[in-house]
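So that you can tell them apart, the chains are marked A, B and C in the order they are listed, and the count of residues begins at 1 in each.
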Amino acid sequence: MDFELLASSFLMGLMLGGLYAAVAVGLSLIFGIIRVINFAHGAFLMVAMYASFWLWYFFGIDPYISTIPVAVLFFYFGYYVQKWLIRPIFIREKALVIEPLGVLLLTAGLDLVLSNLALLFFKSDPRAVVSPAASATIDLGFVDLNIPRFVVFILSFAIAGALYWLLNYTEKGIAIRSVGQNREAAALCGVNVYGIYNFTFGIGTAALALAGGAMVPFFYVTPSMGLSLGIKSFIVVVLGGLGSVPGALIGGLILGVVESVTAQFVMSTSSVIFSFLLFIVVLFTRPKGIMGVLET
Amino acid sequence: MEKKENGKMPRKKIPLGGWAAGAVLALFLIVPLFIHNPYLLHIFVLVFLFAYLGTAWSLVAMAGQLSLGHAALMGIGGYVSTLMFMEWGVTPWLGMIVGGIFCGIIGVIIGYPTFRLRGPYFALTTIAFAEILRIYVENTEEGPLAIPLRGGMGLLVPLKGDAPGVFQFSTKEPYYYIALLMMLAAVGLSFFINRWRMGYYLAAIRSDQDAAEALAINSTKYKLIAMAISCVLTALGGTFYAQYFRYINPERAMGLSMSIEIALVGVVGGWQTVLGPTIGSILLSPSGELVRAYLGGTYAGLHLFLYGLLIMVVVLFMPNGLNDPLVRLFKRWDAGLRGPSGGPKDAFPPDPGRASPLPGRRES
Amino acid sequence: MKFLEVEKLKKTFGGLVAVQNFDMTIEKGEIVGLIGPNGAGKTTVFNMVARFYQPDSGHVRFEGKDLVGMKPYQVCALGVARTFQVTKPFVNNTVLENVMVGAFSRTAHAPEARKKALEVLDFLGFQDHKDVLGHELTTADHKRLELARALATQPRLLLLDESMAGLNPAEKMHLLELLRRVRDQGITLLVVEHDMKAVMTLCERIIMLHRGEKLVEGTPQQVANNPQAIAAYLGEEYAAA
């Protein structure tokens, strides 16, 4: 096996993994604390990317700059999705012990709604930001490293780091973690559980929007891209351990590398099969994931 | 409509819901005598097909697990019977049975480790399995044992014109009646399962598995039985699909959107009841098809948007599907017509099919 | 052949020894109580007999048959039924349907199961609730439902897990009465309980656990006057006084 080829595919895998990690970290937080699977996660990403794209298209705002206000906007978007759509289901579910399947279905419906609204309004032509920065590369000798992808790679660490800091070194973060561990006990300690849920969902979505903004320079946006990335995010979250932010990072990187390297041996479309297989194997053998801290 | 679910003691009076269901059935039987427009008949076929698939799907849902990968079973069934026909000339009527058995076995093998997973994980795993299959078939021209899978091109069923012996007809009417028959068989099976011990056991398992085990219920066994039946039925539906459209490909027949459509009729209609998926299909199939046909060109994706919206509305406001409000409506009319002697208490004896881990209580 | 024989049961969770060296024999027709302070290991023993936990070592023999490796549903089929401390009704089903699930363990025929279920409900004086949904019941009725369901499986040995918990004195009296009637039908009872008064009234023999081991065994009188027992519950100073 050609070493250079392997090394470059490994590196590409890391970049890809960074992307997966950046996208999945928000989901890991949401799932870990609120215990809901947001099927619409990919659709949220897609909408955030369109927002960045249109801001660039109509107003010429650089995506790296617009990503910040977009992220703030999406914090509120996520906040209200949790508050208005998901919370009512929780309230109904109060007496039951199992995770609400209703939320699963609701978010699946939301995903359909968002992707197809996008399809109706934006049509299916792929959009990409055209900028010289998009194809800038660093020459590493055996491979050219694409700068925007590298930025996303770094960003994944930054987002993970920021969330980790939030969870472990701030009062809010302690409240969030306590709710994730035992919401009744947290409520008894005076924590506003539903408020925390809203906040957490908002933060998770904002993190997602940040990642999306950084992806716009090199990633084609289409209405249907959300689903595949959404599913990849689930894989990452399961791999890395539900509710573990560092786990999502590690899981994402592993997934990226696995996909990239196996793509050297099989057709690239088929390499997704390995991701799914990995997912299934992990669920069966070690459902807690690599860094799993929570019960499944 | 709930009338099909009762009947543990001999009933002298058939409540209103039963008459309504019977009337609808009678209507279905005579429709082809008056309607000859192939497109309209096509819509009926879709209604029956998805009612059939939704009912088959709901058997697993009754065991408490939401599968979002059922399209894979349909695809396998369709592929098996079609390949057997194309390569060896075996009539799809036989191929159908082979496909069904094959799927039943696969379902049990996959179900056994997967059933341990709870709600969302189970759903995600079914998606994973289905996608693995779809992607594999899509990218494989020639499969194991040199079986020509033809990849993403799909399989074109060799046209034989009007050939009942190989499950092909040149007009819509025969397909109409076959689909209707399949739907009735599935609904009937669901009805009896609910009446028998199996239905009670499935309701117990999905309500509280520990409590069920403490009452001598081998939950794994019953879940697998439900899974096997569901798989066999869905596979048969796959063969029908292949023979009706005379074409089957991985993306359409094994894809996630097909799995969602199958689950959708169940969710919207009420997946823990006997007639729920049928009700769901009656509502969704025609509207979906019409929207897709007439508006799909200019407004691609509109029908999916509507489906998504409908899911959200149903989950938020009618968590047990349309079946519940309809049943309540019929109960009220029934009480109004019959008065105290034939009131709901007698007419609607306990129905084990009602239990559900989906959010929401039935009344309130 | 003893009716129920428990021999040298041991169970650890992680590093904690929950139960060790536990022996117990129950004769047919007895009402035996299993008591002990919180954390003594009563529920662990209970769950090991009912096979919801697997012991690390030791044996449980019911009517001579070793229950090793059995799943809970197999145990129930053998004739050992249990209730749950935190009741687990099938909330979206009626009382009758709940009890029918139990009855189905002995017959596959729905009308027969229904008949048996109605008999059980009648026996417990519960038949007027037969069409009430599980989530609409009061706590006391939940307990009755647990009992009814377990009885419908036609057990020879009935394991009751803190069935008095959450009941007011009148409800407790009522339940005690029902339990005596159950025993009079020929069913042996093993009762895990916190409520001392109930245990003293109901049980013919009491076994007390303390820190995972059997401390005292005897008639209610004997146990009540046993200094070790008193010390375990109330503290050494009280016993000395």
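One rule holds for everything that comes next: a contact is a pair of C-beta atoms (placed from the backbone, for glycine too) under 8 Å apart; a residue touches a chain by one contact, two chains touch by 3 or more.
The model shown is predicted, which means the values in this text are computed figures rather than measured ones.
Undergrad: Can you tell me which chain lies farthest from subunit B, using the average of the Cα atoms as each chain's centre?
TA: Farthest from subunit B by mean C-alpha position: C.
Undergrad: Tell me the chain pair with the top count of C-beta pairs in contact.
TA: Contact tally peaks for the chain pair A-B.
Undergrad: Just give me the whole-number Å value for how far the CA centre of subunit A lies from that of subunit B.
TA: 33
Undergrad: State, to the nearest whole Å, the distance from the C-alpha centre of subunit A to the C-alpha centre of subunit C.
TA: 49
Undergrad: At what distance in angstrom does the C-alpha mean of subunit C lie from that of subunit B?
TA: The computed centroid separation for subunit B versus subunit C comes out at 43 Å.
Undergrad: Which subunit B residues reach two or more other chains?
TA: Expected reply: 361.
Undergrad: Give the residues of subunit C that touch two or more other chains, as numbers and ranges in rising order.
TA: 91, 135
Undergrad: Applying the document's contact rule, which stretches of subunit B touch subunit A when the two form their complex?
TA: So the residues of subunit B touching subunit A come out as 66, 68, 113, 117-121, 123-125, 127-129, 131-132, 135-136, 138-139, 256, 260, 267, 299-302, 304-305, 307-312, 315-316, 319, 357-361.
Undergrad: Under the touch definition given earlier, write down the residues of subunit B that touch subunit C in their complex.
TA: 8-9, 195-197, 200-201, 203-204, 207-208, 210-219, 345, 350, 352, 354-356, 361-362
Undergrad: State the interface residues of subunit C toward subunit B in the complex, per the touch definition above.
TA: Spelled out, the residues of subunit C in touch with subunit B are 50, 52, 71-74, 76-77, 81-82, 84, 88-94, 96-97, 100-102, 104-105, 108-111, 113-114, 131, 133, 135, 149-150, 153.
Undergrad: Please output the residues of subunit A touching subunit B within their complex, sorted ascending.
TA: Interface residues on the subunit A side: 37, 85, 88-89, 92-93, 96, 98-102, 104-106, 108-117, 119-120, 124, 223, 227, 231, 234, 238, 267, 269-270, 272-273, 276-277, 279-280, 283-284, 287, 296.
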